[in-house]
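Chain IDs A, B, C and D follow the sequence of writing; residue 1 opens each chain.
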Amino acid sequence: MSLTLLNVIVAVVIAIAFAAANAAYLVWAERRGAARIQRRPGPNINGPFGLLQPPLDGIKLMTKQLMIPGGADKILFMVAPVLAMAPAIMSFVTIPFSQGIAAHNMEIGVLMIFAFASMGAMATLFAGWGSRNKYAVMASVRAVSQNVSYEIPMLITAITVVMATGSMDLKTISLAQAGGFWHWNIFPSLHSPLMPISFIIFFICSLAETNRAPFDLGEAESELVAGFHTEYGSMGFGLFFMGEYANIVVGASLTTILFLGGWDCPFGIFPGVWWFLLKIYILIATFIWIRWTFPRTTIYGLLNLSWKILIPISLFNLLLTAGLLKVF
Amino acid sequence: MILETTQQALQALFAGSGPADAAEAGSPRGNGVLTRDYKTHGYHLDAQVAPDQLLAAVTILDQAGFFIESITGVDWIKENQMEVIYDFSRYDFDTCRVVIRTRVPRDQPVVPTISTIYAGANWHERETHDFFGIKFAGHPHLVPLLLPEDADFHPLLKDFKA
Amino acid sequence: MGGYFSEIFYGSKSLLIGMGITFREFFKPTVTVQYPYQTIKMSAKFRGHTELIADEEGKPKCGVCGLCERACPSSCITLGSISVDIEVDGKVKKKKVLSKYELDFTKCSLCGQCVENCSFGALEFSKEYNLASTRKEDFHFNLLKRLEERNA
Amino acid sequence: MSAPIQLRPDETFILNVGPQHPATHGVLRVKMEMDGEYIVKSETVLGYIHRMHEKMGENRTYAQYLPNLSRLDYLGALGYTHGHVLAIERAAGIEVPERAEYIRAITVELNRVASHLFWFGAFVMDLGGFSPLMYAIQDREHILDMLEAVTGARLTYCYYRFGGLYNDVDDDFIEAARRFIPRMRKSLKKYAALVTGNIIFQKRLEGIAPVSAEMCRKYGATGPVARGSGINFDVRKNEPYSVYPEFDFDIPVYHECDSMARYKVRMDEMEQSLRIIEQGLEKLPAGPIMAEKKPKNIKLPVGDFYQAVETARGSFGIRIVSDGDKNAYRLKLRSPTYSNMHLFDEACEGMLIMDALAFMGSLDLVIPEMDR
C-alpha cells in the first residue's frame, strides 16, 4: 500500500516537473523559432542562446502582485489558472513514454486524457466569466464553443484508432504499432484505409483544443486584447501560459501514441523513450511553425471547418473502419 | 461638360436675383457663381449661396454625382461674418471641383445641415462646429468630435486666446 | 459537392505553400542589428540636432544675425551675444560675438530651417542618434559649450 | 456573413474598443453596441491625438509650417508635404525645376510603397498572422534607409521646399533604388503566396464588409477604399499634378467592394509605384533642384487656393485662404482617412466584431492624420 502511494507521489512529482520544464522551455523554443522564421535572433541575451530566459521570466512573474479586478468573482478568478494547469499535469500521469516509463498505466487511458482535456474549457470559461471583463467573456464563450465542437471530431478519430486496436490502453495501442513505421496507425491498413486523413484531423483538432493559432480565438490578441486572460497578471497569467504549453505536450504525446507508434523506432531498432521525445518535439515544432505562418480563422470559419468538414469525414472514417473490421 | 451643366444648374438658383455678381470687386462679394482658373486656384466653380439656398445647391451636386471632399469654415472677423466652405469633387475623369460657400453673421452662425444629403458631412460639420462654433441646424449629433467632449471654446476663431 | 472537395484541396495546398515559405525563411540569416551591442553608421545626410561649425581658430563661425532664431518654427533656439572690440587695420571696431547658443532639443522638429537660413554657414547637423535620458534638462543643449568640448 | 439581427435593446451591451486597443493602431475609440459578437451600432470617437495643426498653420509662416505636414501621417509623410509645397507653388506661381519634380515623384512613390508595406504587415497582424509584418518591415527598412540617405530623416521628413528640394539625390541613392525594385518585386511574389493565396486569409476577407460605390460617394471616401469599390479615382490620374502625366502606370480598381478588394488594390499599387520609380530613375533629368526665381519670404496673393494630391491613404487636400500676409489666414487640411473612417460606423452595423476589426484594418487608418 505504502509502496504504491510512494510510487504515485514520485510519479506525480516527475510528471509535474516534466510538464513545468517543458512548458517553460517550450516558451523559449517558441520565441526562438518565431524569431528565426522572422529572421530575428530572438531571446539571446540571458545565458547561452538565451537559455536563462524562462527561469528569469518565471521569477519576474512570481514576484509580481496578483491583481484581482474589482467586481470580479474571486473564487472563479483564482480557480481558473489552477484549472488550466492541473488537468494537463494529470494527463501526464497516464501517458506511457516508453515500455517501462509511465507514471500509472490505466486501461482506460484514452478516456482519462479526454476527460481531463475537457476540463480545459472550464478553466477558460471560469477565467472569462470570473474576471468581469467584456472582452474576456466574449473570448471565453468563443473558446468554449470551439473546444466543444473540436472535441467531437477528435473523439471520433480516437475511437477509430481504439476500434482498430481493440484497446483503450495507451500502452497497448503503442505496442500494437511496434516493429517499424509501416505498422504505425498513420499509414493506411486493411482495416482503416483512411488513417492518414484521420491523423490530419486529429492534428488539427489538437491545435484547436490547445487554443493555438490559427485557432487562437480565445486569445485573439488583435481583437479581444488578450482574450480570456485579459485581466490576469503575475503567476495567474503564468499558469495559463504554462497550461497552454503543457496541453501542447499532452496533445503531441497523444498524437504520437495514437498514430506515430509511441516509442517505436521507425526502422525497428532501439525502441525507447528517445524516439517518443523526438516525435513529440517534431510535432511541437510543427505547432510552432504553423502558428507563425497563418493568420487567425474567424469563429464561423472555425466552426464550419469542424462541423462541415472534420466531423463528416471522421464519421465516415469511423463507419468505414467499423464496417471493414466486421468484414475482415 | 459637367462643368457647364453644373454651372447652369447652380446659376438657376440665382435666377430671381438678377445676373450673377461676377464682378469680384466688392468685398465681401455677393452671392453668385464664378468660374475660377483651375491652374492657380485648384478648383473650377465657386458658388456663393445664401444659407437658405444651401440645401438646393448641394442637392444639385448630389444629383450630378459629386462626392463630398470637406467642409470647413473661415472666420472673417473684420467683416463680422463667418464663412462655411463646402468642397465637392468628382470620381470620374470629367474633372470638376466645386466650392460652395455661404456666409452667416458672426454673432448668429447657423446654417442648415447637409448631412441629410451627404451622410459624410456629419463629421465635417461637427468638426466645423468644434472649431468655429457654427451651428448646423438639424444635425443629428452636434457634439464635439476632435475637441474634448466638454469643450466650450472654438479655437479657430480669430479672437480665440488660449 | 465538387466545389466542396476542391476547396478543401486548394485550401490545404495554399496552407502548405505558406508553410514552405516560412520554412525557407527559417534558414535564412537574421537581419537585425543587436542595437546596444552593435551600432550602425549614420548616412552622410542624416540630420541630428544642430552643432556649431568652428572656423580655423576654433571660434564659432556664427555672426549672431539671429536668422536661425527667427526661422525656427518652434522657437527652440536662444542666442546671446556680447560686443567686443577688435582691431581691424589699426582701427578699433565693435563686433558681435556669440556668447550663448542654446538649443531646446525637446521642441526641435529637425526641419533644418536654421541650417538653411544661416548666412554664415555656421550650423551643421550632428550624427548623434542615440540620445536618451530620463531628464528633460539633458536636452537643452549649449552648443557653444559643446563646440569648446569638441575643440579640446 | 452578417446575420439578421432582431433583438430587444436590453439584450445589448456597450463595448469600448479603444482608445487603447491593439486593433485601432493608435488612440482611436469606437463605442460599439454589441449583441454577443454582433455589432448593433457603433460610434467612433476621435480627437485623442488632436493637435490643431490648422491653427498652427495660421500662426506660422508657410516655410515654418513645413515640418507640421510630415507629422500628420507618419507612414507616408512625403505625400502630405508634397501637397503643401504644390499648393504654395501653385498660389505663388513658382516654377519648379523638372529634376526636383522627378525626385519628388520618386521619393513620394517610395514612401507610398513603404506605407503600404507597413499597412500590409499591420493588417495581417490584425488578422492574427505575425510573420508577414516582420517581412514587410524588412523591405520597408530598405526604403527608409534610402530616404534617410537623401532626406536625413526616417519618418518625419522635411525634405521638400517651396520651389524645389532641400538637397539633391546622389548616385548612391539611384543605385540603391534600382537595386531595390527587383528585390521588392520578389517580395511581392512572396507575399502573394504567403498571404494573398492563403485560404484562411481569403475566407476572412472575401465578401466581408461591403462598401458600395454610392456609400463611398456619400462619405467622400477616396484612395484604395474607393478603388476597392469599383471607383476609378486617383488624383494622380484624375487631376494630374507634378510630373505624373509623364509616367505610364495603371490605377488598380476592383469591383468586389469587400475587404479583399481593398487589400488587393494596395498590393497592386505597390507594383504600380515600383513602375513609376523605375521610369522616374530612367528619365531623371539633370539640372538644378531649386527654382531660381523664388522670393525669400513667401507671401501668397489674396485668395483661396486648393491643392489635392494622392497620398498612400487617399486624396489629401490642402486649402489655403490667404489675406496676402506671410502666414495663412486659414489653412484647412482635408485628410483622407477622416472620410474613410467615417463610413465605418454605418458599414459595420450587423457585422461580427472580428470582421469589423478586419474591416477597420482594411481602411488603413493612421490616427494622427485623422485627428490632425
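Basically, contacts are C-beta pairs under 8 Å (C-beta built on N, C-alpha and C of every residue); 3 or more make two chains touch, one makes a residue touch a chain.
A quick note: this is a predicted structure, and the numbers were derived from the prediction, not measured.
Among the inter-chain contacts, the highest number of C-beta pairs connects B-D. Set against the Cα centre of subunit D, the chain with the most distant centre is A. Centres computed as Cα averages put subunit A at a distance of 51 Å from subunit C. Centre-to-centre, using mean CA coordinates, subunit A is 63 Å away from subunit B. Once the centre of each chain is set as its mean CA position, subunit C and subunit D turn out to be 26 Å apart.
Each chain gets one centre point, the mean of its Cα atoms, and the points for subunit B and subunit C are 43 Å apart.
In subunit C, the residues that reach two or more other chains under the touch definition are 15, 18, 21-22, 25, 31.
Counting partners per residue, subunit D has 131, 135, 138, 194-195, 198, 200 as the residues that reach two or more other chains. Working note: touching chain pairs come out as A-C, A-D, B-D, C-D.
Partner subunit D is touched in their complex by these residues of subunit B: 39-43, 46, 65-70, 72, 74-75, 85, 87, 89-93, 95, 97, 99, 118-120, 122-123, 131, 144-148, 155-156. The touching residues of subunit A, when paired with subunit C in their complex, are 33, 35-41, 289-290, 292-294, 309.
Of all residues in subunit D, those touching subunit B in their complex are 46-47, 50, 52, 54-55, 58, 87, 90-91, 93, 216-222, 226, 231-233, 237-239, 303-308, 315, 317, 319, 321, 329-330, 332, 334, 338-339, 342-343, 346, 371-372.
By the touch rule above, subunit C contacts subunit D in their complex via residues 7, 10-12, 14-15, 17-18, 21-22, 25, 31, 43-47, 71-73, 109-113, 116, 125.
Contacts from subunit C toward subunit A in the complex involve residues 8, 15, 18-19, 21-23, 25-26, 28-32, 34.
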